[in-house]
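What follows is chain A paired twice: with chain B in the first complex and chain C in the second.
Our next item is the complex of A and B:
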């Protein structure tokens, strides 16, 4: 028995959630919100255009780090939420590997990226593929999946680094392929930070 | 030393085996990692979910009967043949319209497994 992603996606999609007066949605142990994809992609596009070329790498790392820190705390909230414990945990038989499979099923159910695990070498390396992700909208001519990079590194931190909250940034993630640059899918490689 | 080929190139070679309509790599959780060929009447996500379901049942059977992990799992129907073989931590799934060429597919696929397995 291992985590079956279609079961997770279907069950999570059925959960009814409502926003508060402040527009925040308390669910999965965290506060989430719902904003159009164009909002996030336009933000990324404009900030990248505004930065001089010599500082572009620095900005890209900052965008990835935003997602990394967010993913680390949000990911911890998700895997400790009542929803995750009731839907995913009964199927967990392979420890951290199954928690990660469950986390990417949640990632898919939320509509962030239809993504999953290609390969895990426990504590060393993970390869992720995404066949549909909001950051690939448009054809900017460069790889733009900063969110998936940050969150994937964060998930691996949660799975294999020191216990929360002391394990962040043990791992990093690079984007090897991207739909936004003409590849058939996005591919992401998580590995240990030097 | 030859460069290691990527999974797409290897799957394309498997697709060239006579009788194979589609070749899919599915994660143990049912995630469709990669697919080549014509899916015809099959929805890819449903193929992934179904394979994961069968895999879970098979693993439970292996435990109950105390037998080693399966090497090949074949489903033969009047209008379809589906063959599953473990590759690393995933499953290679071959779809064919019938089982007429099952023997050839099984024979040919074996040689690609060692090359494909380290990628998953």
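Our next item is the complex of A and C:
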């Protein structure tokens, strides 16, 4: 048996996300929030609109890096969490590949993207497809999945780079296709940083 | 009054909904990093863009709740806003005030405590632009005023070592 995304997603989605009496949601070793998608997308769209053209690439990389650092630290928390150990680990039969598949199932269960790995060359390259993802909700005329790019690179760092916390930024991710620019799905390619 | 919260997960799209509004889970790392990014881009208005993005995305949720649950008085509406804040995992809030403005106090704060967990210390100034926007949305919704009718200023901050974070809310 390998990690079956849909089974994992269903089980994780059944875990109730509820705030404590202090209004906080501690889970997976981090503090979780549950906010309207409109907030995240509006912020990204408006700050990109505010930036002069000559600084746009730098800002896009900064947006990706927010998700990269988040994905690296939270991803580590996820794959070492009780929730992951109880739901995903019993299905792990292919080492790092299956840990990655499990991480993408969590990624999906959090509502980030209905996504999965379609191709993987261990330690070298990975292709992700997402048939539904919240970052595609607007239609600004450019690819907007900065969060998926960052988290995907981070997950590959966790699987194939130096041990946490020293392995971040060995890999990067580019968005090849996007629903928001008219493609039928989003496609993301992870590869080694130059 | 206990907030009625309907959390659903669409088994087809794998998306979350909170009282019918599309929602997503994120963590304190992402919130801290986006807040830091807004600070880093202060020259193009990053903190205010963050604040106003919150105001504009939270307001429809509050208005919708008031309508569907017949929440009538400003006091009840502020109470709903206070409870929604906790349900979202953003912390523990006390609100007081009237149409001219008021005060918001945070006993617990996802933004500040998340920042402390991530980086510790403080940067010598308040950073909770998220809650500034939330407070502006909450007061405008409670008193049925248009967006940007209220300004929130953070006058005490957990990240700066204060016991609580405090915001003064002023009608524009």
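Quick note on the criterion: the second predicted complex is superposed on the first by the 190 of 194 C-alpha atoms of A that agree within 3 Å, B and C clash if a C-alpha of one lies under 4 Å from a C-alpha of the other, contacts with A are read in each partner's own complex, and residues count from 1 in each chain.
We take it that a residue touches a chain if its C-beta (ideal position, glycine included) is under 8 Å from a C-beta of that chain, and two chains touch if they have at least 3 such contacts.
Remember, predicted model here, so these are calculated numbers, not experimental data.
With both complexes brought onto chain A, simultaneous placement of chain B and chain C is permitted, the two fitting side by side without a clash.
In the superposed pair of complexes, A:43 makes contact with chain C only, with no contact to chain B. Angle at chain A between chain B and chain C, computed from CA centres in the superposed arrangement: 140 degrees, to the nearest 10.
Of the two partner chains, chain B is the only one touched by A:129; chain C is not.
Of the two partner chains placed around the shared chain by superposition, chain C is the only one that A:69 touches, whereas chain B remains out of contact. Of the two partner chains placed by the overlay, only chain B lies in contact with A:101; chain C stays clear of it. In the superposed pair of complexes, A:163 makes contact with neither chain B nor chain C. Contact comparison for chain A: of chain B and chain C, C touches the greater number of residues. The superposed three-chain arrangement places the nearest Cα atoms of chain B and chain C 8 Å from each other.
Shared interface residues of chain A, touching chain B in one complex and chain C in the other, do not exist. Of all the residues in chain A, the ones that touch chain C in their complex are 9-10, 13, 17, 19, 21-25, 28, 30-40, 42-43, 46-47, 50-52, 59, 62-63, 65-67, 69-70, 73-74, 77, 108-112, 114, 132, 134, 137, 147. Here chain B touches chain A in the complex through residues 27-34, 45, 48-49, 52-53, 55-56, 59-60, 88-90, 119-120, going by the rule given at the top.
Remark: chain A residues 1-6, 101, 104-105, 116-120, 129, 131, 185 touch chain B in the complex. Put simply, chain C touches chain A in their complex at residues 7, 9, 11, 13-16, 18, 21-31, 33-34, 36-38, 40-41, 44-46, 49-50, 52-54, 56-58, 60-61, 85-93, 107-108, 110, 113-114, 117.
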